[in-house]
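Chains: A, B, C and D, in written order; residue numbering restarts at 1 for each.
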């Protein structure tokens, strides 16, 4: 691939590990990077919304980029969404200079009409440079910006440097079908679609045309296996695996406390040392932790990855 | 005009008068209709958002339409926005049968993308019938649907029965300019633009290309005079008149309590007997009433219409 | 129970069956009522948001109430949410006169602060009458009104006629725990909590303190079995049953097209004759229908209720 | 005053001057600081939303604080709102170390219930330190967080370091009255209320209990004169002055393009060298500039401050 962004498989949306006192836990940054890599991920996305990026100072963001890029042997994409193009450009250039494979840009929440959205990404691409490969993040549930398939197609057509869609519209299956239909009709060049939303619809998204997942579910190894099963045409086996994990996927996909669940699972699995979040953040109650552990134990009956250490 | 909707001047957005017990005050419906007419309005719009239409039962809506249409000697437009097209169609047909000049349709609040908005109005027009003249209401501040100039142009192009835009985007001056520029470029057929938002920018909207106002400010006679001054090219005089009323226009243009201010002014001017609203509704405090009365007294120094009776 | 609202079990949120032409399919109203009853439901809730209530004319709403109440041998709750208290009162009185067990009221979307929410329900209760038993619907995802546990407690304390909470906050498990903790501390009188959100968290809600479910999932017979398993303390069996259905529960819980999925399932199960919705509404694509059918076939391997007829 | 925040008068919300290339124009930072001071302002607020703070890098923010604090002979308040408390604390400490009189904190947009809002400010105060004087910004129109008078009272009661309310709720006159009534009833300690929203209701806010204004209207000298007239009990003169400026105040108070109007006026008045904004930003059309200039010329007939240089 020209720009070095792998087009298929699973990109892990990386959590940012903190110590109890809120400082960055760089040892866990390393172990988490290894964990994603060992899980068969084709790439890692850092500094996304779930990575608590808005709570980091710019120098911290740069330190994390440096650490992950220097350790990973797979492409790293860096979230650079920012209120101003100056800050976005500055972070994007730092990231590319340090060896990132590309950046990810989400629309700013105030955008509403098609032309506003199209103009925003034109401005962003002009700002970061037309040579920087980037991923378009489509996440209406949190960002409150709804991007139609036609607008996504327009953005992809306008910007050759847009290589991938992080698709997390909800509901969103029809949008994937529409985009692939445009492509099949010769109206849209090839581009990659990786799905987010915690994997909640990953039992159908590959058949709709998705190339894989970009999400932070605590079992990236299960995600890579799932995508592989679909690639092999093993539909029923894929659903069996998906259904086994769905209760936890669903539990993790709760706005606000989802990140707490995810960090709890990653800690239980040994990928990070501590499940702390920077404030303000929502923590799990003891009951919620017990519920997650119960779900893990149920998964563990059929999938040893979920067994307690 | 083919459909009987006047294309210029002032359409009063009619308040719905209630008695203290919440029943409709039909005597005040009559006196208010006369008041609007005697104020030089070219039309009356009833059952809009400010007319408390959502708080009326369908049979009440029909009774009000009948009363106003039978009394008015100017065109009457009826707000028919509804969650379902069945209810919208039923009300639109009743209104046209009773002699309304047309209907007004606002987008349903869930709409977000350009294609959703365009599809919604296509469905609405199919439902009410392509022969029913209608006004497109563009009111993002309350409805939370943002319609770009390009989308308005598309809707007008798609539907010959769309004769008028009730423009109350905010800020909205550039949108008027864009629409008229499309028309001047031959890309859009003629249509009428009447401005809402309580008249807050009526000192510039006519020069941008608006044909007048469609709003419920308590001094429709001032609005008609203002639009007439602009038509005569008397810019400074128009601004003098506008500036005199702006403190009250601004006070009335407060979300939530604006209707209470408006009904208070209409009652003080003798146009309605009672300023009651149907519940739930926000009433004016004694301090607020005193503030409105003070603003009226200031206007009255130069405009006898504001003098207390 | 004094007011005749059962406090435990499953209330089915009833779909409103339409014929292809959009008219109400009263034969299916009957068969659907029977279906819910035969599924072991302890009650039926009609004219809710998922019942397309806003798309009905008042006389249609009354006809449906009459039909369901006269046929059902279990309590019927009627959704009476309306923009104005006059319309709400009129519908509530009709419902109670026809034999409904109570009404359900959701907050109007404009409410934001605690005191606004508390004042709104005080106004509603004053309007419909303090003797009318009612259910408080807490549904932030769609209504955009967030009600804290403390505010729910206050409303319950203020209004003895509030007998039940339809809980569909998301995430919402902690809210149930908080409310029950207030009760256990003697600070809140007993009241019923039935959970909505399509049943997405019904594998944990009973243990948190919920009395059952009030939702419209296409397998109310599974919901009643699930609630019963929890009542018997059969935790693992309950989770086995829940996990079997979760892929479909999740698929049905998509904003916008969820109702289409639900009607498709109810039609496949023979509970209604036609899956038509009133316009504007979102329909299922052929691919989506095939996906639902595939999920049904997977459930059917272990639960004969999902087998195709 | 213990903390050095003046409690009355006018705080100018400072624009951040940029050169055409988007870099900070420090010479204009100086001239603007002088301009505010010479206008009789009792203080200056920097790095607020209108100051394009979110578009600055942290080191730029610190450079601006340093420049303004070292030049101003009046108290400087620094906006420190941030997605995470770590960034907020870091900026607040820098600001206080450099000599700021206090900081200003707005609620994060996700907050909805009273208890969430109260908890957020408790967390913020704990983070920045209980000894740092701060201003509570109440700005629902942009931040989408509605704070009731009771919640403001609670926050003020909880935190002795909260010295001032920047009041820009809309409509908001009754909220001022409520807060002052609580104080008069002995239920709330003294605190300062300065009003924002561009000054749109500054003709009534002082009589409701406000101590002045904190806003960025291009004529801070008019704002200080207005507040002074009210302090002298010269009601009619105050209204005469307010009404003269209201057409421009209103024009400047347009979401999105308001900042462009403000910078245009400040440039015309010689307070800054260039009206550039950082991207993405909305610029004025030639027509809009002509409209602003026309409004200035109308004001200039009675107020020489508005005369063109």
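The definition used in the following text is that a contact is a pair of C-beta atoms (placed from the backbone, for glycine too) under 8 Å apart; a residue touches a chain by one contact, two chains touch by 3 or more.
These figures come from a predicted structure and were not determined experimentally.
Peer 1: Going by the average position of its CA atoms, which chain sits the greatest distance from chain B?
Peer 2: For chain B, the chain whose C-alpha mean is farthest off is A.
Peer 1: Indicate whether more than half of the residue numbers at the chain B-chain C interface occur in both copies; give same if so and different if not.
Peer 2: Interface between chain B and chain C is built from largely the same residues.
Peer 1: If you tally the C-beta contacts, which comes out ahead, A-D or A-B?
Peer 2: A-D
Peer 1: Using mean C-alpha positions as chain centres, tell me how far chain A is from chain B in Å, no decimals.
Peer 2: 47
Peer 1: Between chain A and chain D, what is the separation of their C-alpha centroids in Å?
Peer 2: Here chain A and chain D have centroids separated by 38 Å.
Peer 1: At least two partner chains per residue is the criterion; list those residues in chain C.
Peer 2: Touching at least two other chains: none.
Peer 1: Quick check on the complex: what are the chain C residues that touch chain D?
Peer 2: Residues of chain C touching chain D: 112-116, 140, 146-148, 150-151.
Peer 1: Going by the contact rule at the top, pick out the chain C residues touching chain A in the complex.
Peer 2: These residues of chain C touch chain A: 170-171, 173-174, 177, 200, 203-204, 208, 239, 242-243, 246-247, 250, 254-257, 285, 287-288, 291, 298.
Peer 1: Along chain B, where are the residues that touch chain C in the complex?
Peer 2: That would be residues 22, 52, 54-58, 83-87, 90, 108, 120, 123, 127, 278-280 of chain B.
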